[in-house]
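These notes concern the structure reproduced below.
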């Protein structure tokens, strides 16, 4: 089988990472590459690391350009995917790296993003309970946000064992912010500096983490979430904690939860995750411990925000949706140092 | 007045920063510079940025070398300061950048550091309630740890307003680890990577933060503390949170607490601290907010771990102890970008 | 004496560094701070490290705003300084951090910058032969470009000893590019990457280096100059080489040239310059050697592009022009690590 | 065909990169992993990014451990490979990532490395004229040094067109220095700083570049080589120049030289190489231009020092030696940003 693929938003970081992974995927052929303002330019100007596609010319992101492919990856700002998807036909697999179809609650959508809710799609985090089955055969997939991916996987196995109030501080590289030309994202500003943003529950990924953990817990979980920007291009390290309510062996719970998962690795005791070890890979590295003085669970988890946090998840979901082996074209091997 | 100063541990990062600040201090003259294994070598080999002292030769760290100065700064591994200080005379001001005399509880010392407790000295964080008076005229000062400095200042004003259980995730540059030759501190390892360490309450700064906040609160405060290492040489950004129990205006509480402090700056609303903005300076930048969904206070604070976090505090305490204006030789101006 | 100072372009990196240095200068008072698009905003939004000036509001860059000061620093894009200066009066010291008045040859100006040449001003590199005297009492100063500063100081003492064809490869941090919002300057792009630009003699600093070295040599010197961008905010390391034509002791020539210079330091043999050691300082660190296989002189020099490379030179020239001690408010002490 | 592979020096950076690439190679099975001081520990402790091999235990680097494999990669300090290879049998392919067998001139070996020359092996840079044929069917391969790889490929096509004196300034990430525990390689030292080393022709890669270019030129080429250390883990950007002696179209010469090379890419005019674009890939990105004022060729080339600069070349040579398609398991796709 050779799947014909289109990527909308091919000049951005998420689109570039989808392409990087697809270039190593044995079952695909890369078709249309589209963009907004960059339409008409060659891919080399935007993705100089994708040499095999260097001469490809970006076309306008329109339904017509994206039509005629088996799979369409959307790597667009939120608000654009519903209309495009509606025009692509139900047999086309549409994998949306944007936020439009992640939240199930229209009120939450309106509060956090504004505008009308476009409805929810199967949620592309197969490692959460029940999610994998929804993704098999799906023709629409909502790829999770990068922070929700790492935070939800870090805390999901603990949901029956802790108070339903969790604290997440997640430190991220800068590529999560995309190629937006903001002064605060200039190299001179980010190198040598650390900053927090979206503090006080203001980041849009908060309701998504809440949705995921509440679904697993079967009750409302309250999430204190703070993202921190650090001087590296890729990677998220999440430090998550919650007060234990159970005497159960938490490590055993994590081992059970992820024993058969190809991409989620609970490290042996004494080893702690680093984002460097997952750079470029689809792996999630986890470690758990208990602060005995506080009877508090602390989980540290690392992902590559562009890989498992976005494009790797997108390819993983494509594999699932189309009946390919879930790990096709994906790896747990990072590029380090 | 010209004070004659000695620095023990002059080849390390803390000692180097003490010297950097003293080179800009109008009332001092730099005397003996001592070291351990680096004794006999020139300072240039270790501190190439301290050009005016480049030709100084390091001598052995002994009481005899340190004798005859008005002020002795100790920047040594823990366990070495008590004996040296005992031999220096009560009229000499000894400012210890190490951990030996920070904890007041001998049991805590034994648990976290091992060995016998050497006793506690006036604690060099004048911005905490009651501390400044203890430092005036003191001849022994225990400089706080870098994480306790930023965490305690971030949370102290809230102590009456929140549950006595706080969460601190503090992201730090690598200089806090000193010049130890460990594989994990190599540039190749730390650049492009994030890692947590001392997770689960295992870091030795945990009891110091606990001691500080409990003293302010007047009751035992439980501290969940996780340090994270990020790819930058200097700076700590602490994200601190706790559940509010009071309807009082928390911002007003912070404004009151720090209105007259020369080095602690609550930023105007909408501005968030960055470590880049305090690089090289003695300033603490703070911002506070409330997560209304969780009724949780979130405070973000930034310091330079080597400046306000170590050497700046040391100089500030010297000024206080000797009756100089507290800000002499110190600045709130950072080196950015 | 208290000098009243205005800074035009106060929201940029060069303007910010001028202000950082002036905040430590004992003879000045900071008056008008002006900007282009940022006029009307507070300085805190642009220079969060300059806490003492945080509440200052930027005004429009006009001659009227800048009038009434003893010294006006211009940190503007090229093409703006001549007209402003013309309206400021001959008694006002105008220190231009931009390129407008550096080149003496109108043809060179037209070739490299385009438009009409605004004339040349005394060139603010007092360490070059003859330059210091031109700067004493001057009321107009052209601050050199950052690359010309480090390259010219690295090679000037060798001008009689080498073939008049030199090669300079200078690696720079990103702040030299200013706050321009270009994709290539985003943190995600510059971290973890190296790139060359202006290759083949295309960088505008080439004619300035040529002008400096030719003036010292008394004949046309040909300069092969390539700048490289590296992932750090500040600093330039220049590697300069040329074929020796003389058997004279080159080290002695450098020692002679800079023996009395307060800011230019030839390091002892065996020590090599690093940009980290000069961060934030006005120092130039140099080392020279001879490749005996090729009979080629190799000089390595390090500066902070924003300090000695721009704002430090500007303050140094102000001191000279106004008869203050040349080192007032400046330091050779870097902020490291 | 499944080749059984051993890697000696598996806990270092070069060995780790060989393993990373082999984990994506379809024709190999990974056998013995050996080390020096790290023997007896698990690979996870040293290479946390190689999850599929995490539980492998390192054994001692001895001929006995390495015996019984089809291919043995040596990633050892120089001086160790000759004796090991002698005991491995002539049918085993030995690919030496170290320096022992790169230089053909025993006198050069003695001058630059000391001790007795162990003889030269086929040189693993197939893109140089005549080298590919020597590698086909070889059972001993000397993998080039990282700087010689990028410098030689950057200049080889110009050898008939320029004076036989070239200047190379190559900026490198820190992984080229390996995991040596030296103070100057600590993250705190390298981040935010640039430094040159081996200045004046003192770096051991100088004679290797000289050997390569002289062989291509058919006459002695003199090489002024200066390496610079920059704050990034991986990547080398080389800036190379030489005076033109020919009026021939240099771009055409480069196009001809590399038209059929799978890994060497002359970029379209106007695009310049970056190390970020080749991170993790086996690609070489090149651009050439002529400084018309000096009639001087300037070439900029980028590689990943661990990939094409070491381990990628090693795998490429293994493919060639064993008759596999040369590109098997290798990619020109980088991991960016």
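When the chains are written out, they are named A, B, C and D in that same order, and each has its own residue count from 1.
Operating definition for what follows: a contact is a pair of C-beta atoms (placed from the backbone, for glycine too) under 8 Å apart; a residue touches a chain by one contact, two chains touch by 3 or more.
As the structure is a prediction and not an experimental result, all values here were calculated from the model.
> In this assembly, which chains make contact with chain B and also with chain C?
A, D
> More C-beta pairs touching across which pair, B-D or C-D?
Spelling it out, more C-beta pairs touch across C-D than across the other pair.
> Look at interface B-C and say which pair in A-C, A-D or A-B is its repeat, using the rule that over half of the contact pairs are identical by residue number.
Of the listed pairs A-C, A-D or A-B, the one copying the B-C interface is A-D.
> Sort the other chains by how far their Cα centres are from that of chain C and give me the top one.
For chain C, the chain whose C-alpha mean is farthest off is A.
> Could you put a whole-Å number on the gap between the CA centroids of chain C and chain D?
Those two chain centres are 37 Å apart.
> Roughly how far is chain B from chain D, centre to centre by C-alpha average, rounded to an integer in Å?
Averaging C-alpha atoms per chain gives centres 44 Å apart.
> Touching at least two other chains at once: which residues of chain B meet that condition?
13, 175, 188-189, 191-192, 231-234, 274, 276-277, 279, 336-337
> State the interface residues of chain A toward chain B in the complex, per the touch definition above.
165, 167, 169, 171, 188-189, 191-197, 199-201, 206, 222-224, 226, 228, 230-237, 239, 241, 272-277, 279, 287, 289-294, 296, 298, 300, 302, 336-337
> Residue numbers of chain C touching chain B in their complex, please.
Residue positions touching the partner: 13, 16, 20, 23-24, 44-45, 47-52, 54, 175, 191-192, 233-234, 265, 267-268, 271, 274, 276-281, 283, 285, 331-337.
> Can you tell me which positions in chain B touch chain D when the two form their complex?
13, 173-175, 177, 179, 181-183, 185-192, 231-233
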